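Labels run A, B, C and D following the written order; every chain starts at residue 1.
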Amino acid sequence: MPKVKDEGLAGKGKDSIEWARAHMPVLSEIARRFLKERPLDGLRIAASMHVTKETAVLMLALRDGGARIFLSPSNPLSTQDDVAAALAEEGIEVYAWRGMSESEYFWAIEECLKADPDFTMDDGGDLTVMAHEKGYAERIAGGTEETTTGVLRLMALERDGKLRYPVIAVNNAETKRNFDNVYGTGQSTIDGILRATNIMIAGKWFVVAGYGYVGRGIANRARGMGAKVIVTEVDPIRALMAAMDGFIVMPMREAAKLGDIFVTATGNSGVIKAEHVSSMKDGAILANAGHFDVEVSVKDLELMSLAKRDLRENLREYLLPNGKRVYLLAEGRLVNLVAAEGHPSEVMDMSFANQALSIEYLVKERGKLPAKVIPVPRWIDSEVARIKLRSMGIEIDSLTKEQEEYLRSWRI
Amino acid sequence: MPKVKDEGLAGKGKDSIEWARAHMPVLSEIARRFLKERPLDGLRIAASMHVTKETAVLMLALRDGGARIFLSPSNPLSTQDDVAAALAEEGIEVYAWRGMSESEYFWAIEECLKADPDFTMDDGGDLTVMAHEKGYAERIAGGTEETTTGVLRLMALERDGKLRYPVIAVNNAETKRNFDNVYGTGQSTIDGILRATNIMIAGKWFVVAGYGYVGRGIANRARGMGAKVIVTEVDPIRALMAAMDGFIVMPMREAAKLGDIFVTATGNSGVIKAEHVSSMKDGAILANAGHFDVEVSVKDLELMSLAKRDLRENLREYLLPNGKRVYLLAEGRLVNLVAAEGHPSEVMDMSFANQALSIEYLVKERGKLPAKVIPVPRWIDSEVARIKLRSMGIEIDSLTKEQEEYLRSWRI
Amino acid sequence: MPKVKDEGLAGKGKDSIEWARAHMPVLSEIARRFLKERPLDGLRIAASMHVTKETAVLMLALRDGGARIFLSPSNPLSTQDDVAAALAEEGIEVYAWRGMSESEYFWAIEECLKADPDFTMDDGGDLTVMAHEKGYAERIAGGTEETTTGVLRLMALERDGKLRYPVIAVNNAETKRNFDNVYGTGQSTIDGILRATNIMIAGKWFVVAGYGYVGRGIANRARGMGAKVIVTEVDPIRALMAAMDGFIVMPMREAAKLGDIFVTATGNSGVIKAEHVSSMKDGAILANAGHFDVEVSVKDLELMSLAKRDLRENLREYLLPNGKRVYLLAEGRLVNLVAAEGHPSEVMDMSFANQALSIEYLVKERGKLPAKVIPVPRWIDSEVARIKLRSMGIEIDSLTKEQEEYLRSWRI
Amino acid sequence: MPKVKDEGLAGKGKDSIEWARAHMPVLSEIARRFLKERPLDGLRIAASMHVTKETAVLMLALRDGGARIFLSPSNPLSTQDDVAAALAEEGIEVYAWRGMSESEYFWAIEECLKADPDFTMDDGGDLTVMAHEKGYAERIAGGTEETTTGVLRLMALERDGKLRYPVIAVNNAETKRNFDNVYGTGQSTIDGILRATNIMIAGKWFVVAGYGYVGRGIANRARGMGAKVIVTEVDPIRALMAAMDGFIVMPMREAAKLGDIFVTATGNSGVIKAEHVSSMKDGAILANAGHFDVEVSVKDLELMSLAKRDLRENLREYLLPNGKRVYLLAEGRLVNLVAAEGHPSEVMDMSFANQALSIEYLVKERGKLPAKVIPVPRWIDSEVARIKLRSMGIEIDSLTKEQEEYLRSWRI
């Protein structure tokens, strides 16, 4: 049985969804077409997504396209309960509330899989992996995956020869990865830190672990707020790029001693561990912007601290044996989703337009695609950018015939 | 009778104040000295300040110095009720709750004046002006004023020959105006806009009205978040500075057509009026970062709109006759204080250290200062900066004897 | 017969090369190894490269590796005559002087091809294309190409089924394209504009045509100097990225009316034509940062103008029929190479380390590689970054065994 | 007898002056008025200014106003010989060539004083101080001073009770100090470093000594070019401002170990001395942007080094006893003027418009002003900004009557 926290919140949720939709012109245009063309008629989709106002706009677009939707969260803490209630009222089958236990979280995902879906839509890979581990994958025709973390997991699954159906790596679309991961996480991570702490960023040492798409976005926004930004990396090329971008690059072991604020964005585990925490300054603040809550080792914090208490919402103080205190935001989970509201609608517009068009593509190509992690077709990417620019009132140049010819030539 | 919203919130308020104090090392050091030296013993202070966690740290420092404090808000919407409760429990006489009516607001200020204060501490000038208009000024020995707006009002009062006691323009201290107004308002205005709207700032047209200390701070932070920033000004020198800083300068009448987000920071009234609103794009967002709620003409909005509704907290939609909608944040009041938590503690640390030391200076110089708006003594300014740097672990150079001599010389 | 402008300049050229080498630690380390291992012993290399102090360090490294070098320029205006003289003295066979005519330029390239080279090293594609058009290609074992423009030409050649030997696209190495094209051209383009004009950049409208690697670098540096930056593009995804990076995006036809300074960086032709020039402001400045002098249509300028004169070195004034004047820098050729000294050594260090290691790779794999445009092997890329970081004194993290394992796993 | 290097350079000088004038619209407008009104008719002006193309535009404007001009340089290395020749041809009495000895430099200044001037126009204070030391001051009616350094010297002279005539501190005009010192020196210092070294700035540690107007400008431009910027200061308030602006603040003794590039901008002497140089990295680059060549102690460098040589123009290598090499730019003199061309015309336009209007003001108020360092009248400042904005095509708002009234009011 679908389940949300409080159906009475539906009204507030609807206002919230309407506000999001007003800032998602690309997805709105797709939704209008879906309503007319009904390309998903009769299909079932199992989704594991952060249940936010932007996800709601996507779910309703898929419904308008004819699909029946089963929605579970992709993080126990990221559900907006008013939105969940509004979706339930709109006929989406929602299994989500903020503050689920781990077992409730996996229960919710499995409920969606039990609904016999044609397609999966995943954020982080938990749904897809469970589909494969628990035998649901055989009857599924295809899926999409939203995040870097999820794509890496599914590529590992593919490498192990176990992937059973085609999954479109929505994350890797240029109009997703170059925007959502960079500008979306950049802004919303700063937002989450401010809501959780209200501290001054200007003049602080701000350590960003990882200089991928997400890390780059955060580092730039932190600098834009006046911080002195340190980057840690394991990849020499990315490290060099950070250095040339004017950031200070050093190993985490050195950064740990300097930092006032730490944000992890690596897609890896154990980036900040006991050995680092021990050398931190009194008052250091730790946050994570990567998909899983393993980048800052919460386990290490729990083991090493003498006491803990919650000082503000999403702000937990740990007292260390050396007398110092460190502060963990949002329990080490995605700080932008837990302490703030996740990415702004404008950027989710692009990511989710890719989602909607990828599902439509999976339907059209049903049975023809290999059981691999496959890229978003280039035309989808360009189409999303084109509609977005138009919605922003931005016109661009186009190639003249002479220019197209010039680009094709190689003669002197 | 002192009055707060709910005494039961005191516990939460205390946590909040503790968090603020941990980020206010300068004021904390002064408070420790005050507790030992008791420079304010037996004195009464009437204050009209935003009742936030940072103000609480100041009030408690003054109490530790021996003063009895009567505290009213300086804006009907900016009180943090948990902090007010905590202060009440600590013995501060508080007349403040969030969402006061205008008459309650002025009642609260007058209650503080009725307490027969020796000194006033003001934010915006309402307390000081009322003291003069209602005959309390005669028995008051001095005061301080926190804001640009307040200082301008008191200078007008002085020009009219009506100022009755010396008021220290804390706002004009370098360690106040160059920090609080620039970095504090810069960050917290962005914070307020994000909390109220969760919109994307990158790629948006962001219009800042006014390029004084506050406007400059906001323009820089907006750019740091990826916005295309337009500045409007009435002063040619400031306008030119904005242009050379890489901002686009134009009259509001032109900016109105382009802007996605508008923030006023002029200290003036009627900066955004009906004529501007009429030409705005559908979805335009209006916010104010100046002291009074007159910079965006709320009256014009109310008069011209066909309907209004609240879509999110602090986000009011106005439907215009031309079918477009504009969104007013925080009812046109200080967006950083109403929709977020005001300036970060770190920067209030400096402003309020100036406040505490200025009050101490007024006590020492009681009876010797003219009834004028007077500057913060330079040594206070330097002292605040010096303690702040030390608390940040920053060491600086000092002049050698040879260098001091060099600076004094004029020979070839 | 090899030919330079003035052999007497060799001394000055050597100082210049020494200064460059001091800032090229990666290439220097490779040169030291080459001298010991002599991997290029007995081989002949025909190169068409900008004859600058950095190229000299590369040529001498190849010579130290055992090769005999025949060097022609890759642009008639970019040769540094003192460097050419120094190289001649060091035994490199140089056919280059600044200000060659077009026929001299192609003569120089063909002289190098006549030397029966084993490998070609090209910058822009003129050498490789001539090798194919004039029948030298059959006896050549492989080549490298330095630029975006050259790679595009050779891919067109490959598409037409005419490429006869493997060419490594050095341009596409991450340690080349993400650094040289972005940071190198970014800085040196600003440098070239300043040397040619000495105008103020702050407060100006600065139009960048193209938002690829090069365009992005220029746009960022122009903003860093205080300009209001406009970007024009033909690709919707890049255009959107520019917009989200805070730049103003519009078609050239609109930008033409606003711009004070224009820089083309598209790899295409006819980006700024008569129709644009006609609508420009009096005093507009035109520069090109793309490989060929066709991006700003010099032909159009010549045809439409009533008069022209040279006001400063590299600054030509054109008087238009409408009475306005526009200024063309460096005859529309690469402004960073003609009006300044090209990329800084530090960044050429990385590009040319890729060149040296790619030539060594071609030698080792001789006969085994397909006649295609092929990428730089990933290990070369990483190795270049690693040495560079070490030379900058930057240490980075490395993955722990647990982390490597975590990255391989996909389970929940 | 007036003297320049080579009268044959006058043609080139005229082109150069014409280019400058085209970018100096405010001064050009004043010159047109001067030519009509002849406010300086019959007066003699002795000037000690950097003899650049922009100064030439000012001198010719003063001449158009009716004055007879005697011009000496304000730095032995900053004269542009072609400009000097052009001015001589135009009837200005010029005593200036690049590379004067110290005694020639002071001879030139005294020649101008011997011409019995009514007014002095100074840059750095050498002329004014000599006028006072050698007894010329008595017959002089007033003067102007262009720089921070000069104003500080003249204030010291005034403090010592020795100033004999009123000197207008042109430097302190807002339209001078906030523009010329910040944006002008910021850009031209970067320009000078690039021309002298062609090194990469991105990724480098860039140390700026002093965070006054000039230091702030340089620090911002260095950051804009991708450097990691360190600031050193002696003033705690400025140090704190640098920290909040995101710069790294530390004492020079620590910065010396880290820096790749050092620029002094303090107005003081001995900022970089032997003790600092000894701890620098091999290859460190030293430059000065302050008025006198005493900020980097050239004397210390000369004393401590084992050998020196010139590697490029304006780039001198010093070999230290520890085997390391440091590089001094432009002999420690103003790097922007010696290695590049000084401030861009656009910003000198404003400074020199203040000069021209200040001289006119001195003429009008002759005999009425006290023998003090006096500020530029506020109306001149605003007027300069207003004309500048107009020339840039920028329109701004003006206060409505209601707004003016609002600003005058203090009531609740």
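Just so we're on the same page, a contact is a pair of C-beta atoms (placed from the backbone, for glycine too) under 8 Å apart; a residue touches a chain by one contact, two chains touch by 3 or more.
Not measured: the values here are computed from a predicted model.
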Pair sharing more residue contacts (C-beta pairs) when A-C is set against C-D: A-C
Chain at maximum distance from chain D, centres defined as averaged CA atoms: A
Distance between chain centroids, defined by C-alpha means - chain C, chain D (Å): 36
Contacts with two or more other chains, residues of chain C listed in rising order: 183, 202-203, 223, 226, 243-244, 392
Chain C-facing residues of chain A, complex: 106, 125-126, 129-130, 133, 152-154, 156-157, 160, 174-175, 178-179, 182-183, 232-237, 239-241, 243-244, 249-252, 254, 267-270, 294, 381-382, 385-386, 388-389, 392, 394-400, 402-403, 406-412
Touching residues (chain side chain B, partner chain C) in the complex: 202-203, 223, 226-228, 243-248
Of chain C, residues touching chain D in the complex: 15-16, 18-19, 22-23, 183-184, 186-187, 190-191, 194-195, 197-203, 221, 223-226, 283, 311-312, 315, 340-341, 344-347, 392
